[in-house]
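Quick heads-up: structures coming right below.
Two complexes are shown next, each including chain A; its partner changes from chain B in the first to chain C in the second.
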Partner chain A sequence: MAVAQPVGVYEREDLLTGCQAVAEGIRLANVDVIAAYPIRPYTEVMDAISKIIADGKLVAEYIVADSEHSQFEIVKHAASVGARAFAGSSGTGWMYGFEALVVTATDRLPVLFLVGNRALDDPGAFGVEHNDALAIRDMGWLLCWVATAQEALEHVLLGYRIAEDKHVRMPMALAMDGAFLTHSQHIVRIPSQEAVNRFLPPFDLGERRLHPDNPVSIAPQVNEDWVMEIRRQNWEAARRARRVIATAYEEFNQVFGQRYRPPYYFEEFLTDDAEVVLIGMGTVAMPARTAVRRLREQGHRVGYVNLRWFRPFPTEELRESLRRFRAVGVIDRDFAHGAPDDGGVLLHEVRSCLYPVRERPAVVNFITGLGGRDVSIQDAIRMFEITQEAAREDRLDGFVTWVGVRE
Partner chain B sequence: MIKRVEINYRGIFQKTLAKRIGGDIVMIAARMGQVGFSNGRYSDAPERNGIPCKYFAFVSPDLSEEELEAECGAKLDIDEANISVVLDDTMVKGVEPWAWHGVRPINEKVVPYGYMLVVSRRRPEDLVRFMARKPYPYYLAILEGDASFAGLWVYRDDLTHERVLGALAALDPQLLSIEAVKGYLWDKTHEEHRVEAAQKAYESVRHNVHEVTPLQGIDWPYEIPKLPKWHEFSEGVVVKAVPREFHLGPKGQSRNQLFKRGTTKSQRPVVRFDLCTKCTLCWLECPDQCFDPTPDGYYDVDYEYCVGCGKCAEVCPVQECIVMVDELAFEDNRSPWEHWKRDPEGYIRWAEEKKGTHRVLPNVVTGTGQRVVEAEPVPVGGKPKPAARAGA
Partner chain C sequence: MATADKVLVYDRIKGVKQIPLEEFYTSGHRTCQGCESATVMRQFIKAAGPRTVVAGSTGCMYVANTSYMTTPWIVPWMHTQLGAGGSSAVGMAAGLRALMRKNRIPQEKINVISFCGDLGGGDMGLSGISGALQTDYDLLIIMYDNESAANTDIQATGLTTWGAQTTFSPVGKVERIMHRRWKKNVAAMLAVGHPNCRYVATACATFPPLDFLNKVRKALSIGGPTFIHTYDPCPKGWDFHPRYSHELGELGVRSGLLPLYEIIDGEVVYTYDARKTAKGRIPVREYLTRQGRFAHLTEEDIAHIQRMVDQMWDEWEVPGVAPFRGTLKVSA
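Showing the complex of A and B:
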């Protein structure tokens, strides 16, 4: 598709890994405070950022913490004084700092975090699995998956734009598949600083900023007299975030050309006349899209839905989209031990989203790609075939299939 | 029918005592064929020294356990109390367990013709004069005794636990009969003196019950704060700080208006400014910054914020200069330094009268409870002498 490209919006192209693309985003967002603690696959982003600072391309406080817990506390406090802050982690490191993460949400501080997805944590496993980032899903966070390095860079800018919006002010987890995106090099178009400045306003925490000229107390102890009201506030922010997300993409498109299409929260690929679709998050989009093309060449009416925004979940938009199809195959690169029907996390979100629809599509589930296992085009084709079968039979049992497990 | 008993106690010292009383009410009521259960107010943080807290016991002669639990279980506080036990009489000045609760009257939950049972050596009128006026009559019963620390393992048992059970039997024999109390205590301990303590308390309290009419008590001076709706306070739980202000003199330092914590104290420090050497230790050591520097180099006390911890008296190097005195001896929280400046001799006479002739030595773990010694008063114009240190 040919898109109108405003002149001077992108200043150069470079071969970047997903992590390096995020680092470029951090430079362009002129982040003030970065806290770092190594764990692969996240580590590469801290390397890339420190190099950018060393090269004099970004002036920022770069603090190497003594653990993820300290790392996350540092950026939380940095945000409270009005600094644009960045941190990130993977797998068990992310979990180790969880106390700080949940408080960052209730403190409503819009820090951006990179989660380089990593398995939890059959000793030493460092391949991609989404359970690490998904663990934050109920805690008042924005949670978004990107599938390419270009998207990764752009979602750093979008992430700050959305998280820092005065109607939102929630922390944001930018999730990307370990190895397959964090360490995979692609040509990335790097925006010019001038264009980024037109899109991304400076961070202003307003009356909540902790400063000697604005003395405030943050996070006083609260009890049963307050917690429900605090949750209600957070819920309201998440509701407002749905609108802000759409606005931010529209503004992004105005500056950078038509990069993203509505409804933004997810991206549909060849779904217009589709009978069945797969839906997934992250790099599984790559084999899935190719499978769509190959199957379409054989006359199958299939499509793919790449879900970006997991929190807030785009309930109405996704419901309106998926209700058009006869069957939906949900790809989970995660596992929810002991969950209903032993399905994955995304299955339950999608199925719950579709429940109010009277004539709803059949929903089947695929557990695949766990712990960094690759998902091939052939795997994706098989998932489409099972989903097509579900569309014919509308089966209710045995609809969770493990794809790629040795058996 | 449900009988609700609340036990007002001070953390941390009386936490175990209150819990044991609540539990034993249930056990004794069960001996009488009733059902019951007991819990503490979970929102309390009774680990805080002196903070007003509550324990509850619920008893019913006719409801099933399920129905009793449905009515009274899984609730933070009760709506009404048939009997409100007060284990430390200084709580009659009001109780404020947390910020935003306000200073509540101790008799807030007592029903018409219900009972307040206060452990005290005061006369009823000396308690009622601090308590809120209620629109209906109720009874004030006094169990003679001191605020007990015996629930804390470092203090000697003083039988307050058994005596409160005996006193409850005197107030409501249907709730607990004295026979059931005594039978329970004997079966549990086989110690005659515990049974006797309950019996004696039963007899004495029966003659120490006083009707409090709607004419008695005071118009409650404290406002109960209204909690804001979810959209009426800052997101991120950000609270405007108290502006930092300072001037020399009473209340010269800005403090948090929303949680004064003064109801935490059972004693307050009385200062003999004429003996003060301006050593600054009280001001430095006070954990709650209650001492306000004055223009002439002394330290005034803001009693609204003093929690009565006694640290100032403990560190004061001058004998008789700072002495902790029973909170019920005082009518108001006015500035002692202003009082002294206005009328030096009158203030010292007033202070010595409040102090009385006994001194409780700073709290040390002796295994025998508090050590009380005779005062060595210093007359007006007397010279400061070094304080005797505990353990010295």
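Showing the complex of A and C:
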């Protein structure tokens, strides 16, 4: 990433966890309504936000709800009257509020949520798995993973910018790996309020705002007469979001310097001459990048693709990128029991994206790091080795390997 | 009621000629003939007026009420989920307050009203309503109680009267009574559990006349989170001719089965005092035998309901409201 940025864009540097960085983003975005309910590991963001409010650094309505369902409904309805709103959750808490998550999307209310990824019960585990956030993938949400605390803060600002755009108006889920990012500290440069104000316009819900001066009826019963047309409108919003996302990153770069490079939806590491790449989401990028460096020292032409945006899925851009390689290893920090080839969720997205390519790379899949299990550099090297083997031998195409499991 | 009216300043509707003529819930809905829940809708918004935002939970007053492009709502209205009667009100109130604090919308009093049915409010949404009543937002939650899931085919809820036939509690060859739950005492439970909530009431939309309208006005005037539980006879679900809807409500109240009261700053005020020392009660039989849903009840069943109602009014520490009994004791 480029380092140069205009003077005065940042006010200070601080050592912050991923959750604390998001809280700084919430302060800078001047969020109006925040609803909290505790569950590890996302919950630290609410610890930080409540302190920010208690210290008078943000004027907002802060509500501790009675459940995730209420928490999510509160911010949904706050958004319906035109307030910028924030909530979040993890694991089973996210699932407890699932009904509210669905209607927030179908009502096209641009709320921002933090998902501190956590394994779903049972059995209990605090650690990261991506199935919680992935559950909303078909519901009309924007869904993006960040890998560092700096990206987390910046994607709060980017998230509101994209979600609230009048061409989009979809809720935004900002996902980050539980513990590995929610609770790990990074040096974070905190933007100045003046710079944020230049980038992020105030929220304006326009003609859909619920107010006595604008007496609309929202979400009446439509049945078979209209639901298909309304689904189609949501589909079109999700399609338009792709263009708005790119525009938002360009605007962000104009204010904050060249922070992000096209195609924005994902970030490539040492792929220019690579024959084989791994692709994954979230903090698995760290062992994967280290493995890339070590293997390159031994002469292997390997690289890593860090996928940031899962919804909308960057089909064209990713297809153009991945078709250059001989084999692609897809890292899933999730499960999709009974799915084709018994692979993970990301496998099917990537393979489907590559299907129209005539000379397509071999695609193999790795299920790893479930429930917060560490993905080591050795694990990443092993994944590269298997992917390299798939590049040589056709029979391995579609092969799924569990990495780091006791068998 | 006289005592309470002294302390509570509100724009009281003193006679039927003073009821506002303007309608904010008009044509376009598809509710049944004789629907008392529709009367609740029409009256609460008439009492509240146009500077109001409304959330309506899933239920018959959503499904039958608000069809796309034929909305009956003149005021801003939004659908909310079955269990979100409380949280939707909190969200709207919090959003409006935040925007006013930041001068993004003009400062004014905007009523926030959320309505939910007995299934949505009294069963699924109880936790969310409890959460709402712990806040300091100005909001009113109205639970319209027609004693069933009325848009799904009339299924029993936690507020259905004991013994009633519903599609979940049919009469069978072996079991005569499938619904054996006593009606949940929602309004009093909320009042007891939320001492900072200044106004909780029960009401029947048409009996006594004007009462519900004024209870809505009181709730909106007193401020903070408030709650009203209405008893709504349902011709389809309760199986009676629609011409008797108002009458059934009155009979339910006068039998003591549906207690009418308000709790203002902790003070219980009976709207209809069914104690024997006051207006007394008609036998529950007169209410039950008018409805097809109780046609299968035997004399013993009716006697059981009568005993339970008599206990409510003759033995409860706060008659008809709170089921504590006897003198207060301290353990040795």
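As a convention for this text, the second predicted complex is superposed on the first by the 400 of 407 C-alpha atoms of A that agree within 3 Å, B and C clash if a C-alpha of one lies under 4 Å from a C-alpha of the other, contacts with A are read in each partner's own complex, and residues count from 1 in each chain.
Note that a contact is a pair of C-beta atoms (placed from the backbone, for glycine too) under 8 Å apart; a residue touches a chain by one contact, two chains touch by 3 or more.
Everything numeric in this text was worked out from a predicted model, so none of it was measured.
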Clash-or-fit label for the pair chain B, chain C on chain A: clash
First, second, both or neither for A:226, with chain B first and chain C second: both
Chain B versus chain C as contact partner of A:61, first or second or both or neither: second
Contacts of A:119 with chain B and chain C, given as first, second, both or neither: neither
Partner chain in contact with A:336 - chain B first, chain C second, else both or neither: neither
Which of chain B and chain C A:33 touches, first, second, both or neither: second
Partner chain in contact with A:215 - chain B first, chain C second, else both or neither: both
First (chain B), second (chain C), both or neither touched by A:78: second
First (chain B), second (chain C), both or neither touched by A:69: second
Contacts of A:106 with chain B and chain C, given as first, second, both or neither: first
Per-residue touch tally on chain A - higher for chain B or for chain C: C
Stretch of chain C, among 134-142, 242-250, 260-268 or 296-304, that runs into chain B once the two complexes are superposed: 242-250
Contact residues common to both interfaces of chain A (with chain B and with chain C): 107, 215-220, 222, 225-226
In the complex, chain C residues that touch chain A: 50-53, 55, 62-63, 66-69, 71, 73-81, 83-84, 86-92, 94-99, 101-102, 104-105, 110, 127-128, 130-131, 135
For the chain A and chain C complex, residues of the former touching the latter: 30, 32-33, 35, 59-61, 63, 65-67, 69-71, 73-83, 85, 99-100, 103, 107, 202, 210-212, 214-222, 225-226
Footprint of chain B on chain A - complex, ascending: 106-109, 169, 207-208, 215-220, 222-226, 228-230, 232-233, 236-237
Chain A-facing residues of chain B, complex: 43, 76, 98, 100, 227-231, 233-241, 243-244
